[in-house]
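You will see chain A twice below: alongside chain B first, and alongside chain C after that.
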Partner chain A sequence: MFLHNLKYEIKMNLRAKEVIIWMLLFPCVLSVLYKVAFGNIYENGGIKTVPVAVVENRKDDMFRIMMSWMGESKSTHEEEESNLVKWLTKTIKEKEENESTGEEEKPLLFHAIYCREDEAYRLLEDGDVKGIIFVDADGVPADTDAKKDDAADKESDEEITEWGSEAVKAFLDELGEAGHADINEGISAADYLTSEGLTLEDMVEFKDMLNSSSRLSLKIKSNGMEQSSIKRFLEMYGTLIKITGKLADGGNSPGTKNVMDIVVIEDVKLTDGNTDQFVTYMYNMIAMVALFGMTVALHIALYSEANLSDFGARRSCSATPKFTTIMAGLCACCFTQIFCVSVCITFQALVLRVDFGGRLPLVYLGGAIGAIMGVSMGFFVGAIGRIKYEAKIGISMAVVMTLSFMSGLMVSGIKAILEMHAPIVNDLNPVAIVADSFYYLSVDADTGRYFGKLAAMCIYTVIFIALGFLLTRRRKYESL
Partner chain B sequence: MGETVVKIANLVKNYKELRALDHLSLTIEKGEIFGLLGPNGSGKTTTISCLLSLLAYNEGTIELFGQPMTPTSYDLKARIGVILQNVAVFDELNVYENIDCFCGLYIKDKARRRQYVDEAIEFVGLNDFTGFKPKKLSGGLLRRLNIACGIAHKPELIILDEPTVAVDPQSRNKILEGIEELNKNGATVIYTTHYMEEVEQICTRIAIMDHGKKIAEGTSGELKRLIKNTETVTIEMKEVNNALLNTMKGLPNVYDVKWEAGRLKIYLAGGEHNLLNIMDALKTSGTGFGQVYSELPTLNDVFLEITGKELRDKD
Partner chain C sequence: MKVFNLFFKIVRAKAGILFLYIAIFLAICFPMVHSNKAKTDFEESSISVCVIDEDRTETSKSLKDAIAARNKLVEMPHDKQKIMDAMFYEMVDYTVVIKNGYEEMLKDMGDGDSAALFDAYKMRDSFQSAMMEQYLSNYIRLVKVFTKDGMSLKDACASAGEELGKEVEVEVVTPPGSEVLDANYTDNFALFFRLLPYLLIAIMVNVLSAILVTLNKKDQKMRIECSSVRMSSYMSQIFFGSGVLTILIWGLFMVSGMIVYGGMYTGLHCWLAVFNSLIFALIAALMAILISTFNPSGTVVNMIAQILGLGMSFICGAFVSQSYLGEGVLAFARIFPVYWFEKANDMLAGIQKGTLADVRTCFIAECGYIVLFIVLIGVASARRGGKKG
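For the complex of A and B:
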């Protein structure tokens, strides 16, 4: 009787339009939309080079080095560069050439045009540049006059912040690795320069270069992705200057490591995985599909309890024990949900080429356990009270979407905000747990944290199934 | 006396302050089509729910096939078929699959189940619709499918809770014929309804319920004999005078005369040649009249006389 029930439960699940729409079509379509909307931002070569004019009212070598590293530059007036600048530029370029495989090219983020102020305004007016960076003497480094917190820019700014953070981090890595020095361990750039045989004057020049920061300001004509990218770059550059300034002073001051922690967010051993925001969206997508198991499993209790539906009454009158029908329902829903999650993962891995860090079987395992957790939650919610089935569906969908929102499916920064102010929410959020398991697979060399998240899912599953059985244990009802 | 299939003794069921069943006792013998007749809210469905051990009750005992009925009496449940008031079939499964799905809750053997499902489809006349999903079926066909799902496993006791609500006359007749056929094949049937015509048509014994109590029990004839009225003669006429009314009241066997909405109703208690006497009186008075017809008492009259109210609201 169990197998008979199982067969028909699976048939019904796979034929339900809601399952096809919400578990299969919706995530696939949404994944494609995310891919189209955000996928290219994070791919090498996919970043559009932003033309920007630079008006130097004061010569800032450090800024010049940064701009040349971030893209290509040209100047309307030739000027002799110092030995140190030439050497730094040459060293970084050599390193890039040595590491270049020929397949991957470093993206050109900016095309900087050094010019006079009047020329810059003309270029901006004609739309040839997206903004003008003014390099002035004195002032607070990397301050911008651009309008802050512009509502229209908010969403794209989130992406650019991530991107800018990665760019500055990469620059620091380049600078550190070029001299075989580990910045994270606090060895100063000055020590490195000495070891390279540069003179005391060069060191003084380097220190002055880091300490004599300029006031940077930005003029833009309109708001958009490209303008935001310039703005964010300047902000990140300001942070970089603060850090390197401290390094130049010896690098061992107590605050230095803390400052470094701001930029180099996490110094853990990385796999070949991808940690960009697009992939995080995809992880959240799979987590959401897994949790949609709630809606699939709502009917288990409904169809078994005589006081909840006519199906329940009919089954309760039958010669099959309630436990058998519930178990068959649970198994069928788990099967259906694992199937849907597997389709979603396969679609993302094979069609959208989402990088799962080369550990696809473990991703399937995480997805499967997440799906079972979703089903157990649905079983529990379905067993609660005599609320209409449609209302329970609505509640479940709202719960899943809210949890997905808090996990960063709709707004990338929300999870980070929660992590800062209420980390317990992320620890308890089932969608975040599933998404994090994929994330850890992608970034960790070992699987400790991944299996930790799997254990959390299993605990949730056991709790919800136990509660579900507790609520459906009744054999007679006070009213129907 | 045959085998007792159902024995309910002093059943009491309270919904908080409301007493839904008030010391109800019933005995149903094997081979009967037992009708539970009563207005909405009289306690018919509550009785069935208690009988099936779905509802907890406050007092009394219920025995099926001589054994106490409990929620875990799966051997007893295997001998019962239930057709509930609302259609309960799965939209995702077609006609054949629905019947097989519910039949599988009782019959493990695949070959036997296949045979039973085919017979059930044949019985309810859904042969041409086996591949149809329920949403493609009309209301009547859906009711038939609902019945097939309840009787496919060939139960000894079939409980039908108002199976003809919102069903067209053709499907209703088909359902009633089917119930009689099931009974002929050996099944005992409990049939609840508020349609007295159906009960009179198919039930071998009837219990009339009101406010959770059994107010009368017996065959249709026995119930009708409980009341004074044996015949009601109705005469259509434009107007009536007091002299005629008094004449009619004075006729033999007449115990009441009412004039309402262009109809003169004369209530009679037994006797012979009542209609001839009435026609003679009409001719003598010289009053013009239209149609004249005579009606035998119905279960509604029984209900009306016992409770002082109609069995169901007039359509």
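For the complex of A and C:
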């Protein structure tokens, strides 16, 4: 009798064509929309080039070199660059090109636009730049000039060349190169730079560049991470100038000139899996479809209770035990829902090419158990009270969508906020449990945490089915 | 007014769903809107850094304090999986482990020696991680430079921290000649209005469509047709009921908005945002009426509500600001009314560039959708009437 009921329950589910079509169409269409809307947000490792205007009330070649290293620059007016600036810019670009061949390109952090003040304000107002960097005189130019003259009097040409060479080397080192290859191969910095065509005047110019520090300030229109990034960069630049200057000053004292070569940080990779945060939207989508099992299974209790539907009244009079009828209904709903979830996973994996890691069969398993959990929840909700079927559908939908929202279906950061302030919510949220199982499969090398989430789904399933049976068992009716 | 009363009798049955959505929306919106301060002063977006101090010496503590002075320190156990989760969901931007023996290594580090003093856990490249790497490198370089200058390690660490703590002057400005931003309508509060389209579509379709579908049921329809109520009176009462319900739903949201806002709305931009939401409420209502003309079942109505609400909200920038969406996506989004609603809202909040004239253009575009939906409803109703005949 169970198999007979099962067959007709499955037929009944599949004949509700509009529900099945929506259950299949809805996630597929939404997945495409997600892919279109968010597919490019996390490209480039999440780094977005920040446009910034630069107003030079005083010319600072060092700052220009630094900006060109951090990204791309353009100027609204032509300016003649010195031999040294051209050489430094060229050397840095060549080094970058050598390092990036074959590998992914270094992301551009800033797009600098050198312009006049009024033009900068216009760009800021139009939203074309996130901030305006003002390069002003530090207020101590005379003092600096006096120092320079004094130093020039005392230092010999050799000393200036040595000082300048070390400073150039320190500067290049600071820009992420562990020393220029030729310099590290035993040739002195001075000899190398001379062989590159740099003259004594260039060394003096570099010394001037370091000594004549500028006062940098930032003007923004509104707060944000991009604006803060500009500020951090300016502070980092200030420190760089300070260190480079100090190292160059102490160039002849052993040790300090090698400070720049210190490697202090060892990178530890956390995972070989997919670290693209966009994929969590897809995980949550599958989890939502799995939980839609609630709406599919609402009718099970409705069709088995004599006081809820005519169909239930007829079934109550039949010889088939209620347990058999309900179990057949549950199995049929599980079959239907697993089919819908599997189609959703297949569509995402094969058509949209979502990276689930290398363990797709386990993704299907997680989706299937999630679907069974959804069905069990629907069975439970269907068994509660005498609320109308349509109202129960509405409530179920609202509950699933809220749980999906809290799991990050609409705003990915919400899960992190909950994890910080109320982690128990994420631990209990069924949508988050299903989505987390996919996430663990993707990033973890082992499957310990994944199976932990599967266990949680199974516990939920057992609890809801037990509660559903408790609410539907042993009901007697005086009259129907 | 029998039909009108019947209409609201059915509304009462759907009120639970309506209040459920509003309660959930408020519960979600309130903390999100109040999570940040106003925008009039510069407030640095801090980098969340997790520092795991395995050395536990005065020197390592000094570094931890220096990092904490400029960044948001997140305490976490040295558990790789927990760190990975926190970094994946961007609760932590950068994790650094100060290795055991850090102080000794720093003291013993000779001329030109290299030593890995820190382990840095990496998830993906980001500006924050690049800045922190630079910070740590510069910190150690400064310590080495200062110790070479004769300072003690303790003083060198303190000086390095101090040096790296120097901040660049930042000013929040209103560019000369630009339209003055309305401080009463902050980008935080704009979030409330930004999320409204999803809610309005979901509620209108779930409530209004469901009511109209109920009234359009075969038995119901036949009973009304053979009653003494004239068809024109029936239609006008339904239309009137739909209008009143729309205004009621919109009004409920506006009152909820006042709770989130903390009182009566103030300022032109705020009221323009309210007006913008009124136009969109009408669009959502007309959308719901159009859907009801196809007589979908209860489950399908829910599905349509979700696919329209979620789909348009994602494409048009309700959940994620339009500035994050690609040019192609935004070009496609222009065909949806939510795009114009969000664009106007962003401009009013100062998130997007634009003048009040541009905001007015968005309003006109939204009104265009009202006309379009009225025409579509007319066509759909005529076709259905034709088929029946």
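Simple rule for what comes next: the second predicted complex is superposed on the first by the 242 of 480 C-alpha atoms of A that agree within 3 Å, B and C clash if a C-alpha of one lies under 4 Å from a C-alpha of the other, contacts with A are read in each partner's own complex, and residues count from 1 in each chain.
As a convention for this text, contacts are C-beta pairs under 8 Å (C-beta built on N, C-alpha and C of every residue); 3 or more make two chains touch, one makes a residue touch a chain.
Predicted model only: the values in this text are computed from it and were never measured.
Engineer: Taking the superposition as given, does A:M410 touch the first partner, chain B, the second, chain C, both, or neither?
Structural biologist: In the superposition, A:M410 contacts chain C only.
Engineer: In the superposed arrangement, which partner chain does A:S316 touch: chain B (first), chain C (second), both, or neither?
Structural biologist: A:S316 sits against chain B, while chain C stays out of touch.
Engineer: Contacts for A:L109 in the overlay, against chain B (first) and chain C (second): which applies, first, second, both or neither?
Structural biologist: Only chain C is touched by A:L109; chain B is not.
Engineer: So in the superposed three-chain picture, is A:K11 touching just chain B, just chain C, both, or none of them (first/second/both/neither)?
Structural biologist: first
Engineer: Please name the chain, chain B or chain C, that touches the greater number of residues in chain A.
Structural biologist: Higher number of touched chain A residues: C.
Engineer: First (chain B), second (chain C), both or neither: which does A:L216 touch?
Structural biologist: It touches chain C, and chain B stays clear.
Engineer: A:R64 contacts which: chain B (first), chain C (second), both, neither?
Structural biologist: A:R64: touches no partner chain.
Engineer: Considering only touches as defined above, state whether A:K35 meets chain B (first), chain C (second), both or neither.
Structural biologist: neither
Engineer: Would you pull the chain A residues touching chain C in the complex into a rising list?
Structural biologist: 18-19, 22-23, 25-26, 29-30, 33-34, 36-38, 40-41, 45-47, 107, 109, 118, 121-122, 124-127, 216-225, 227-229, 231-236, 238-240, 242-243, 246-247, 250, 253-256, 258-271, 275-277, 295, 388-391, 393-395, 397-398, 401-402, 405, 410-416, 419-420, 439, 443-444, 449
Engineer: Residue numbers of chain B touching chain A in their complex, please.
Structural biologist: 15, 49, 52-56, 71-72, 74-75, 77-78, 80, 82, 84, 86-88, 90, 92-93, 97, 100-102, 104-106, 108, 149-150
Engineer: Show me the residue ranges of chain C that touch chain A in the complex, using the header's touch definition.
Structural biologist: 13-14, 16-17, 20-21, 24, 28, 39, 42-46, 80-81, 83-91, 96-97, 109-127, 130-131, 133-138, 140-142, 144-145, 148-149, 163-164, 166-178, 187, 198, 202, 206, 210, 296-300, 302-307, 310-311, 313-315, 319-320, 324-326, 328-329, 332, 350-353
Engineer: Going by the contact rule set out above, which residues of chain A touch chain B in the complex?
Structural biologist: On the chain A side, the touching residues are 1, 4-5, 8, 11-12, 15-16, 306, 309-311, 313-321, 325, 475-480.
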